[in-house]
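Multiple structures follow.
The same chain A turns up in both complexes below, where it pairs with chain B and then with chain C.
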Partner chain A sequence: MGREVSESCIDSLLTVMVSTYCNRFYANKPELAARRIEAIGYQVGHQLSERYTMERPRFSDHLEAIKFICKDFWFELFKKQIDNLKTNHRGTFVLQDNRFCWLTRMSIDQSPENGTSEELSIMADNKAMQSMHLYFPCGIIRGALSNLGIPCAVSADISNLPACSFVIRIKA
Partner chain B sequence: MGYNIGIRLIDEFLAKSNVSRCVDFKETAEMIAKVGFKMFLGVTASVMNWDADGTCCSIVLEDNPLVDFVELPDTCQGLYYCNILSGVIRGALEMVAMKTEVTWIRDMLRGDDAYELQVKLLKQVPEEYPYKDDE
Partner chain C sequence: MTSTACFIIVSRNDIPIYEAEVGSAAKREDAAQLHQFVLHAALDIVQDLAWTTSAMFLKAIDRFNDLVVSVYVTAGHTRFMLLHDSRNEDGIKSFFQEVHELYIKILLNPLYLPGSRITSSHFDTKVRALARKYL
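Presenting the complex of A and B:
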């Protein structure tokens, strides 16, 4: 469905979007930049879920919807499925992608044992930048689920690069 | 934003397309229209309207995947939706030593019949090597 452009177009667009929002539009206001980026992701997820569920019947429960995100939706977006899905059966789901493609180009900093404070603060900046890049996919998931009738909060965990976990908490 | 994308995209373009140096600006424009657009957006464009000294031309896109589902609402009538493309071209060319100015002449979202970008070569900046020859 639709036409194709090269993957690097999307990769570049995302990188530049994050850096423009963080360094130009909302310089020194990372929370606002994060919210804006997440909101853009929300719109995108909303529209994409519309497109990808056109020919399917409604989902019978939350688990079916989450499985759709893990399999078909993720496949459409990233040409692979989510590698691991965990749930506590009480509204929290953890989706783990072992090689999240938007993060593959990011450097993985090994934490120095006795880093100087300057090195540590550079590492903290890097971590902050990496987490900025995750607001967009979190927004996409949140937008997609909300279009399927499931309001939720989504956060990401990158303690284990290049694997990335998305934690979905469904609002009661 | 397009400029920042362009300065990186040119590396990928040169790596993947394996083309040799372009002899003149005419060849450069053809490269962009035929190879570049095809590689990244999946469409080919055509080059026309060359001026007398060969420094200014138009790249015309019949088909623009960026605007597939797009309509400009009333509040955004002055918006150049695809301006990112002009930045990408400008950034990419600057990395290969050409300073250009890229503007939209025709834009279908604003009612014209095609997408036309004007690329004007302002100057060619000779490459400067940071190392002295005799060192």
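Presenting the complex of A and C:
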């Protein structure tokens, strides 16, 4: 069960998946495209969590499961761990990855000082496309946690690329 | 050496997704129903015990006449339960681990809906072969 895939293949596959769902399958319906991409991520996360928890003992509480996501799970997926984990101890966790692997190939727009309205709308479109790419990893995290018995909602925040924060809200 | 053994896999929503009589003794109609009944009755015990330990293999958790129920719980709270009369704990643990790997392979199938019945005859053949080997 230990075969390998090249990382550039995965990068290309994800880029093509997002662009196909956004431009061909659900053109002009970004919410539906987002939900489909997130559902794909959910199934992948579900399967991966079962696979990566096989060798290790089970989890005793939510924090253990989140730490597993931050360390072992993220390491298996991206060859690095989450850089920063914050929690408010009331069911919200923020996972910060300072160099999120799948976003490293995206351009970072410098905001112009006196932007024309055209440039600003182009930037808004870019932001929308970038956020589309985040639904898949959000789905992966949600699927993994749901399989471990923690129903949650996951959202992502890319205010400063290439760092990316995932906010996990556990449903009480 | 004839042995009776009944193996079921119960999903996290308490729905049995796979059942098999894997013993080498002759199969009797009433015995099969009794075995399933005993295994389902043991689910409550598993539920309590699963939260007390972080190990996956909970050994013998219940007994009925001379039959013993052993359980293996995965991280996704899927329970593999075996009703058997032998005392070979190491063999049973190896059996559970191999079935776990087979189960993960079933789960990796994108067309398999998690929590639905496992209908693959390939899986069935392999589980029976493992049972003959380890039990």
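Rule of thumb we're sticking to: the second predicted complex is superposed on the first by the 171 of 172 C-alpha atoms of A that agree within 3 Å, B and C clash if a C-alpha of one lies under 4 Å from a C-alpha of the other, contacts with A are read in each partner's own complex, and residues count from 1 in each chain.
Definition applied: a residue touches a chain if its C-beta (ideal position, glycine included) is under 8 Å from a C-beta of that chain, and two chains touch if they have at least 3 such contacts.
For clarity, every value in this text was computed on a predicted model and none was experimentally measured.
Of the two partner chains placed by superposition, only chain C is touched by A:50; chain B is not.
Of the two partner chains, chain B is the only one that A:3 touches; chain C does not reach it. Of the two partner chains placed around the shared chain by superposition, chain C is the only one that A:147 touches, whereas chain B remains out of contact. In the superposed pair of complexes, A:159 makes contact with neither chain B nor chain C. The larger set of touched chain A residues comes from C, when the choice is between chain B and chain C.
Legend: residue contacts after superposition of the two complexes on their common chain; A:17 is shown touching chain B, with no touch to chain C. Once the two complexes are laid over each other on the shared chain, residue contacts for A:59 go to chain C alone; chain B is not touched. Of the two partner chains placed around the shared chain by superposition, neither chain B nor chain C is touched by A:28. Across the interface of their complex, chain A is touched by residues 12, 50, 54-56, 73-77, 100-101, 104-105, 107-108, 110, 114 of chain C. Here chain A touches chain C in the complex through residues 1, 43, 46-47, 49-51, 53-54, 56-60, 147-149, going by the rule given at the top. Remark: chain A residues 2-6, 8-9, 12-13, 16-17, 19-20 touch chain B in the complex. Put simply, chain B touches chain A in their complex at residues 1, 4-5, 8-9, 12, 39-42, 65, 68, 84.
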